[in-house]
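See the structures that follow.
Two complexes follow with chain A in common, the first pairing it with chain B and the second with chain C.
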Partner chain A sequence: MEVRGWLLTSPYLLYSLVFFLIPLGWSLWLVFTNWNLISPRIDFIGLENFVKAFKSARVHAAFLSAYRIMGFFLPMVLVQSLAVALLINSLPWGRAFFSVGFFMPYLASGVAVALVVRGILAYNSPAAPIFKALFGTIPNWFGHPVLAVFIISLLIAWKFSGYYALIFLAGLQSIPKELYEAAELDGARFFTKLFRITLPMLYPAFYTVLIMAVGLCFAIFTEPFMLTGGGPGRATHTWYLEIYYQVFQNLRAGYGAAISFINAAITFTSVLIVRRLMQRWGRALGYE
Partner chain B sequence: MRKFVLLLAGLFALSVAVYAVEVVFWTAPNPTQEAFWRSMAEAYMAEHPDVKITVQAIVEGPQGSEGTILAAIAGGNAPTASENIFTGFGAQLVEAGAVVPLNELPGWDELIVARRMTNAIKGWVFGDGNYYIFPIYANAMLFAWRLDILKELGFGEPPATYEGILAVGKKLKEMYPDKFLWARTALVQPTWWQRWFDFFMLYNAASDGNPFLSGGKLVADDEAVITVFKFLQELNAAELLLTQPAENPFQTGLSIWTNFGPWGIPWMKENFPELKFGENLVFAPPPVPASFGYVKPHKTFADAKGIVIYAPHASGASQEQINAIWEFVKWVFGSVENDVAWFKQTNLLPLREDLTTNPAFAAVFAETPELIPYAEELPYAVPPLKTPKVQDIQTALSEYGMIPALLGQKTPEQAWEDAKREILLLLEE
Partner chain C sequence: MNRRRSTYNAIKYTAAVVLLLISIFPYIYMVLQSLAPWDQVNKVFIPSRLTLRSYIWLFTGTEALVAKPWLRAFLNSVIVSVSSTTLMVLSAAIIGYALAKLPFRGGRLVYDFILFQMFYPAVILLIPTFLLVKAFGWFNTYWAMIVPKAMSVWAIFMYTSFFKSVPQEIIDSARVDGASEWRIIFRIMIPLSKSITIIVALFLFMARWEELLWDLVVVQDTSMRTLNVLLATIQSSYNPYPGPLYAAATILTLPILLVFLAFSRHFSQGIRLVLGK
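What follows is the complex of A and B.
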C-alpha cells in the first residue's frame, strides 16, 4: 500500500525535485558566486552579491515599483473580480459559460495582450479621438510615471479578475440563502446585504485572493517588458525585470540569484503582513 | 566486375559519410540569412563531401538570440560557430573564454585581404590584440526624411545641422500643429540597445567619430555629448518629439524624420509602396551642430555583426571541427560572388571596402537604389562599444543622462555629469 502511495505521488515529487528543489539548491549556491552563466570557472565571493544588491538603485526602484503597482492593482482587481463574481452569481442561467468567458484573459498570452493594448493606446489609434474628446488631449500613457503604473496595473487586473472571480464565486455560492431571506424579512436592502452578509461571509475568499494578489505584485514581468521597458525613469522597473536584466543581459547569474532571494524574502514578508492584517479582520468577523 | 566497382563506390561513399566531420552553424533568426547559409552549406558540401554542415536558425527566445546562445553555452552544447554576434556580446563571450581567436587560425590574413577589409577590420580587434569576430556586415544607420512634407514646408532637402532641424520643426508646428518631427517611444525608455539608434547616431556625428570608450576607459567627447543632450531637450521642449507609441508614424506622415536601417527597406516597400525613394522619401546622415563646422560626410552608428567560433568547452567541438568550420567560413567569404549573393538576399551591407566600387555589386544597387546612401555612409559608420559592460554603460547613459536631459529634468551638463559618474563607477568594477 505504501509503495502504491509513493508511486502515485512520484510524478509530482519528481516534478518538484527537477523543477523546484534542484534549481532552488543551485540558486542558493549561486548567490555566493560570481558565475557569469557561461564560464566554466565559478568563484566564491561570500556575501558580496547581497551587499551590492542592497546598495543598487535599480533594486531600490524594483522594491518601490512593486508597492506602487500594488497600490493600483489591489483595489482594481478586488473590485473587478468581486463585481464579476456578483454578476455571474446573479445570473439565472449560463453561469458556467460566463465564468469560463471571464477566465479567458488569464489564459491569454501576456505578450499578445500587451501588443493589443499598445495598439489601442497608440497616439494614432482609432481610440485616440475618444481619449482626446474625453481628456482634451491624448494622454502620454507610457511616458508619465503614474499613468504607466496605472495602465500596467489595469492590464494585470483585467487578466486576473476572471480567475479571482471564480474564487469569489465559490465563496458566494457557499453562503446560505437563509441568511439573505432572514435579512430581507428584516427589511435589509442590497447594500446592507452586501456589507453585512456577503462581504463578511466572503472572508475566506478575500483571504486567498489577497494573498495571491500581493504575491503577484512581486512577480510582474511581461507587461512592463513589452510596454515600458521599466520606464519612464524606473517607474515600472519590477523585480523580475531586474533579475532578467542582470542574468540574461549582463550574465550575472550569481548576482541575479541574490536578487531573486531578496525578492523572495520581501514577497514572503509582505504576504505575512497582509496575512496578519487579514487574520485581524477575520477575528473581528468571528473567524478563528 | 561492374558489381565490384559499384560495391567499391558504395563502400567509398559510406566511408566518407562515416568519417565526415560534422559541424553545426547557427544563423540569425531571419529567413533571408538562413536561406543564404543553407545554400552556402549545400554548395560547400557538394565540393567537400568530407564535411557535413548542419545549418540551423537560432531559436529566438524572449531574451533574443543572445539568450539562446548563452543557454546553449551554459549547457555545453553551443554550435561549432554562429553568426549574429555584435561586438558587445562578443566581448562578453571573450571575457568568458567561450570563443576562439580567429586570427590564430590558418589563412586569417589572406581572407582579410581577399575580402577587401584590411582597414575595416581594425575596429574589431579586442583588448588582447586578437580578433574573435569575423564581421559579415555593417549597416550604417541613417535618418529617413519625408521629402514630400519637407517640400511642403519650403525645404528642398533634409537639413544637415541641428539649427536647420529646429527651423524645420518650427515651420512644421506652424503648418501642422498635430504632426511631430520624430516619433520614437524608445527615446524615453532605458532599454540599453535603443541608444544605438538615437544617441550613438547623433554622438558619432557630433564628435566626428571620437570613441566613447577606448581601452576600457571613458574617452567620450564631453562637448559632443552635452550638445546632443541639449539638442534632444530642445526638440522635446518644442513638442517636436512624440514619445508615445504610434502605429507607423513616419510612414503615415504623423512624423517626418526617423532613424532607419537598411533592413527596413523591403518591409517599407511592401507595406507602403506609395513611399518612393527620391520622390517622397530620402535618407540622410545624422545632423551636427552648425558651429562644429564639420564638412560632410557626418559619422554615424554602424549596426555590425559577424561570426564567432565557439571554444571546445562551450561547444564540445574538436580542433578538427573548428578547422572544418573555419575552412567553410573562408570558402564563403573568400569569394566576392558569395558576398553579392548575401547582399542580394539579405540587403545587409557586406563589410567590404570595395562595396561601392566593385562592379560585382552594381546589379544589387541598380535593383535597390535605396541601399546606395547606406553603402556610401559605410566608411563613416562607427561599430558598437566593445566592452562586456555595454548593457550597463548604455543603461546608465539612458537613466542618468539622456532621458532626464530630454525630459528637461536635468540640465544637459548635469545629466552628462551624472551619467559619466555612473559609467566611471561601472568601469572601475
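What follows is the complex of A and C.
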C-alpha cells in the first residue's frame, strides 16, 4: 500500500517539483534582481522593483482598470446570470436544453469573439445603422475610455453569465417548495417572494459567484489584448497586459515578476474583502 | 386560470428563446460571415447566398501570395490540445485513485499540497516557468506547450473527490480476484467515472485549445503557433481578408461547440459534480 501510493503519486511529485516549486523559488529570487532576459549581468537590487512599480503610472492604470472593469462586469454578470437562472427554473420543461444553450458562450475562444465584436462594432458594419438610429451617431466604441471598458466588461459578462447561471440554478433547485407555498398562503407577490425568499436562499450561490467574478477581474488578458491594446489612455490596461508588456516586450523579467507579486497580493486582498462582506451578509441572513 | 398559465408559459418560452438567440448571436454572425461572398462580408447580417470561398482560400494558395499557415496552425492546436488533455486526464485519474483509495502515510500531505497549489496565484509562476522552459531548450517546440500543461491540480482534485464516493467493496473484491492496481484504475474506476471524465476532459480541452498568453510567449515561429495564437497575431496583415478571418474563427470555435453538444446529455450531471452541488 505504502509503496504503491507513493509510486502512483510520484508523477505529480515530480511535476510539482519542476513546474511549481522550482519556479516558485526562482520567482522569489527574480523579484529582487534587474535581469532583462538577455544580459549576462544580473544585479541584486533589493526592493527597487517594487518601489518602481508602486510609482509607475502604468501599474496605477492596471490597478484602476481592474476595479473599473469590475464596476461594470459585476452588475452585468449578476443580473444576466440571475435572470437566466430564474427564467430557466420557471420553465415547466426544456430546462436541460436551455441550460446547455445558455452555457455555450462560455465555450468561445476570446480571440474568435473579439474578431466578431470588432466586426460588429466597426464603423461600416451592418450594425452601424442600428447604432446610428439608437444614439444619433455611430459611437467610437474603442476610442472612448468608458465605452471601451463597457465593451470589454460586456464581453466577459457574456462569456461567464451562462456558467454562473448554472450555479444559481443549482441554488434555486435546492430551495424547498414549501417556503413558496407558505408565502403564497400569506398573499406574497412575485417581488416579495423574490426578495424575501429567493435571493436570501441563494446566498451560497452568490458567495461562490462573487468570489469567482471578483478574482477574474485581476486576470484579464485576451479581450483587451485583442481589442484595445490597453487603450484608450490606458483605460483598459489590465494587470496581465502590463506583465506581458514588461516581460515579453521589454524583457524586464525581474520587474515583471515583481508586478505579478503585487497583482497576486492585490487579488488576494480584494477577494478577502469581498469574502468578509459576504460573510457579514451571510450572518445577517442566519448562515454561519 | 388555465388560460392565464398557458399565456404565462408562452411569454416565458418566447423570452427564453429570444435571450438564447441573443446570447448565441456572435456565433451565428461568425458562421454567416464566414460563408458570405467576399463583397458582402461585414456589410450585411444575412448574406444573399452562401459560399465556401473563405474556407478554400484559407487552406489553398491559389488566390494571393500571402503565406498561409492555417492548416499547420490547426494541426498544432490539435497536437498540443489532444496530448495535453490526454495526459492531464490520465494522470489525474491515476493520482486521484491513489489519493482517494490507497491509504498511505503522507498521502494526506500530498493532498493538502495539491490544494495549496490549486489556490496559489498562477501569475507568479508565469515568468519563471517561461525561463525554465527556455533553459530546457524548449522554446519554439511542442514540448513547451505540452509538458508544463501535462498535469492539472484541479483535475486531480476532481477525481480524488469523486473516487472517494466509490464504495471500497468494489475495489476490495477486485483485489481478491487478483486484479492489479492498473486493472482497477482502467477497468473499474475510469468506466465508473464517465460523467466526471467527460466534463473534466471538456473543460481541460477547452482551456488548452483556447490558451492565449502561454502559447503566445513560448512560441515565436509562425509555423509553430496554435490556431488561437495565429488568429490573435495575424489580424492586422489580414485586414483585406475579413472573410477568411471569420472562417478561421469558425474553425477555432466549432470543434469545441460540437464536442460539447455531442456530450451535452451528460452535461447537467457532470456540471453538478464540477460545481460541487
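Brief remarks follow.
Here, the second predicted complex is superposed on the first by the 261 of 288 C-alpha atoms of A that agree within 3 Å, B and C clash if a C-alpha of one lies under 4 Å from a C-alpha of the other, contacts with A are read in each partner's own complex, and residues count from 1 in each chain.
Operating definition for what follows: a residue touches a chain if its C-beta (ideal position, glycine included) is under 8 Å from a C-beta of that chain, and two chains touch if they have at least 3 such contacts.
These numbers were taken from a predicted model, which means no experiment stands behind them.
With chain A as the common reference, chain B cannot sit beside chain C without a clash.
In the superposition on chain A, contact of A:Leu272 is made with neither chain B nor chain C.
Using the contact criterion defined above for the overlaid structures, shared-chain residue A:Trp26 touches chain C, although it does not reach chain B.
By the touch criterion defined above, A:Gly231 lies against chain B but remains apart from chain C after alignment on the C-alpha atoms of chain A. In the superposed model, A:Asn124 makes contact with both chain B and chain C. In the superposition on chain A, A:Leu17 makes contact with neither chain B nor chain C. Of the two partner chains placed around the shared chain by superposition, chain B and chain C are both touched by A:Phe248. When chain A is checked against chain B and against chain C, the one touching more of its residues turns out to be C. When the two complexes are overlaid on their common chain A, residue A:Val51 makes contact with neither chain B nor chain C. The interface of chain A with chain B overlaps its interface with chain C at residues 37, 119, 122, 124-125, 225, 244, 248.
On chain B, the positions that touch chain A within their shared complex are 62-63, 66-67, 70, 73-74, 92-93, 95-98, 183, 185-186, 188-192, 242-247, 249, 252, 254, 313-314, 388-389, 391-392, 395, 399, 403-404, 407.
Residues 1-2, 4-6, 8-9, 11-13, 15-16, 18-20, 22-24, 26-27, 30, 37, 83-84, 87-88, 90-92, 94, 96, 98-105, 107-113, 115-117, 119-120, 122, 124-127, 158, 161-162, 166-167, 170-171, 174, 208, 219, 221-222, 225-226, 239-240, 243-244, 247-248, 253, 256-257, 260-261, 263-264, 267-268 of chain A are the ones that touch chain C when the two sit in their complex. Contact residues of chain A toward chain B in the complex are 36-40, 118-119, 121-125, 138, 140-143, 225, 228-234, 244-245, 248-251.
Interface residues of chain C, counted against chain A in their complex, comprise 9, 12-13, 15-16, 19-20, 23-24, 26-27, 29-30, 33, 42-45, 91, 94-95, 97-99, 102-107, 110, 113-114, 117, 120-121, 123-132, 148, 150-151, 153, 156, 181, 206, 209-210, 212-213, 216-217, 228, 231-232, 235, 242, 245-246, 249-250, 252-253, 256-257, 260-261, 264, 267-268, 271-272, 275, 277.
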